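In what follows, a single structure is set out as structure tokens and then discussed.
We call the chains A, B and C, going by the order they appear; numbering starts again at 1 in every chain.
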Amino acid sequence: MSDVEETEIARQVAFRGGGFAPKPYRWIGLAVFVMLISLAELGTQNGFISPLTLPKPSDVFLKFRELYETGLLRKHLEPSLTRLAVGGALGATIGIAVGVLIGLFSYIRAGLVPLVAAIFPIPKIALLPLFVIWFGIDEASKYALIAFGTFTPTVVATYGAVDNVDRNLIRMAQSFGLSWKSIVRKIILPGAMPGILSGLRISLAIAIILLVAAEMLGAEYGIGAYILEAGSLYDLDRLFAGVVMLSLLGVLLSAVIGGIERYVLRWRT
Amino acid sequence: MDIRLSGISHSYDGFEVLRDITLDIPSGKIVCIVGPTGCGKSTLLRLIGGLERPAKGSVLQLGLPAEDCLNPLTYVFQDFALLPWRSVAGNISLVLEDHGMKKSAITEIVNNVLARTKLTEFARALPKQLSGGMKQRVAIARALAVKPAVMLMDEPLSALDSQTRELLMSDLVKLWTQQPFTAVYVTHNLDEAVRMGHSIVVLSRCPGKIREIIHLEKPLAERSYGDGELQFRQKYLWNLMRDEALAADAELVNV
Amino acid sequence: MNRRRAIALIGGAAATAGLAAPALSQNRKITVGALRFTSHSGSFIAFERGYFSDAGLDVELKFFQAAQPMAVAIASGSIDYAVTAVSGGLISLAQKGAVKVIGGALTEEPGIDGQKIIASDVAFKAGVTSPKMLDGKVFGMSTAGSSFHYMGSKIASAEGVSLKFKPLQKVGAIIGALKSGQIDAWSIVPHIAKPLARSGAAHIIGNVSDYLPNYQITTVFTSARNAAEEKAMTRNFLSGFSKGVADYNATMIERTGGEDGVSEMVRLIHKYVYANRPLEKAAPSIINGTMRLNEGAALNVTSIQDQLKWFQSEALVDADITMDTLVDSSYVKTIHA
């Protein structure tokens, strides 16, 4: 050993591993928000940012308080949440059902997959006038728009998830003589659940986007109606208050789905 | 209940994988099937269990399975095939739920097989919490729960490391000794074959034909790791298979 | 050559407009926003007949689909001058120091065919034959704080009835809702109201001018910076624009050029309005849409004051906005009526 040291140069092997492993730093996300908002506040306070460009964050906050105190917040939130709940539930339920059927039956798959592919890229907003004719200008057309918008991504996510259920598990179930119903209920549905839930995450975000579109026609109250009115009045405080409401709604829904995932998919590694 | 294979041939898209297999699987014995890669071992097992139909020939059940048998032909898979969302007990009860049994009856069977496979304390664990060896024990417990007439074991120990394999082999032998069961045991591991088989069927390479059937008289319980006689048998098997294995390995994979 | 001939033709008209001859700032490049409506004809005529170039302005017309983005474009400085209705959005932008109203354009004038109050066929058959019958009915509008909202609200308070307002964003959507009976009533310019009535989808049940005489519907506006700092350029724009307006009123309302004058004017306007229809089909619509534009871009401040008050009373805009914030009345004659 010692004569190796005499004849060769000993060098430490350079480290080249590490990285590519995301670590959770929760507070950084919060810090970014706080920093951006305080920058906006500072800029609008000293006039560096004109009132035409951005509203004062503090004004937006005041608007929020005003909304809350006058009871208008509830008046706007209630119809929107109802529309979101009814439309989203309708679209997601039918979407999951159709997706499972496509996943299970080849004839249905052959018939419906091209149809779903054809309606997926249609901007549902473009169909709004049609929906008004079909379902009337009141709530039904709003439910229909949101339901339609959540339906297609749910279908695609669901049948993809059904396709991805481990075939070995199905073969196992057949080898134990499980009935078709049991295989669907106990193997395919739980096996497809991760895919369905991550599809729902996207579908519900789309539902929130469509909420604004749905409230374009004939809605007096609702977050979307509130935002549109603020936009046409060029009232930036209200506009941002409305946008913040949508963002919060999105964060909330995502958290709810996260919670459901943690509970329903606790078997996942 | 015995199983008789008579003149079975099978092919996929015109590509012949099995040719004229005739074989008896006697009740209470373990029949090992060995052969080079792609000789149709697993296909043969699927044919026996009714997961596929043979192109030619037939698979016969001789006699009736026992009264309390719920699933006469029961598989144990190489990849365990456990539902990740069900606990150990849940995975076992899964295969009992379709038989119109009372809940208490199901629980009784589950507890019984868990005890036999020494899994009682893991009843509530999820598969993700178990090691590979434990998972296969759950799969074996599940198979035992339906009181099969014949166990169809498709490389049951191939996904495990050699120490775990050794442990599980002796577990299987103990289970058989307590209560002899009939099994078709497919493996590519000759050591397993000579430890577990009352008879060993050697298949040739594709299309698989029976080359030779070897009978081992030594009781299972007396076979152990490093046994001289078994090693001699194993060497004989290897000599039989070596050329086939070499040729099979050099072939283009036909999938 | 073309331009010279044009100057010779309209020399008289310019004089009657009563504006000081523009201080020629040679070929200043500006952008004027417009919607493809006949009410924007002042700009089209001034552009086509070279009145803007005479005023030393090199004008580029920029077209918009709606008034709202046009107001925002003025605020952001993308365009310099435009004509639009007073709306909550416009007042808000004025409050933020972005825009100023500097003149008037379209006006409701008693005796001249103006905006109509129309009822859907369904509502009409159910007895809504005059604005008095509108109690509890649904009135269409584009958005809260739009001119439709203002008109409907004023009509309702004059008749002592209460209306439900439905925001539908776009004129097309309102027409659709009216045809299918999803809204009961609406108020709209004559060239949209009359064809609807002819087709049987709606019925004219009144005139807006009966409720809002001298209603200043559209105004000329610019950025606050132009109004305050580019006085010469603004004057030049208004002088060119006013000549266009004078031609329009003379030809289309007073008919000084007779039928030939009208058809020549229609041909000119047709380049911009209903350009996707053949001339013979577009002509009736253009003629039907004729309403007086204020001579010299005079501004009815009384009407503007009333509109501002209404927007404030509805809490659509802040209560502390004053007329001075919204209007710069130094450029044109003001009307108090």
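Keep this in mind: contacts are C-beta pairs under 8 Å (C-beta built on N, C-alpha and C of every residue); 3 or more make two chains touch, one makes a residue touch a chain.
Everything numeric in this text was worked out from a predicted model, so none of it was measured.
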Checklist entry - Which word fits how the chains touch one another: line, ring, star, complete or other? => result line
Checklist entry - Between what two chains do the most C-beta pairs come into contact? => result A-C
Checklist entry - Which chain is the middle one, judged by CA centres? => result A
Checklist entry - Where the centres are mean C-alpha positions, what is the separation of chain B from chain C, in Å? => result 87
Checklist entry - Hey, how far is the Cα centre of chain A from the one of chain B, in Å? => result 47
Item to check | Averaged-CA centre spacing for the pair chain C and chain A, given as whole angstrom | outcome: 43
Checklist entry - What residues on chain A touch chain C, complex-wise? => result 50-52, 129, 132-133, 136-137, 216-220, 225, 228-229, 231-235
Item to check | Parts of chain C lying in touch with chain A, wherever the complex brings them together | outcome: 68, 71-72, 75-76, 87-90, 92-93, 96-98, 142-146, 165-169, 172-173, 176-177, 180, 182-183, 316-317
Next on the checklist: Going by the contact rule set out above, which residues of chain B touch chain A in the complex?
Outcome noted: 49, 51, 70-71, 73-75, 77, 79, 81, 83-86, 94-95, 97-98, 126-128, 142, 146, 152
Item to check | Residue ranges of chain A in contact with chain B within the complex | outcome: 166, 168-169, 171-179, 182, 186-187, 190-191, 193, 265-269
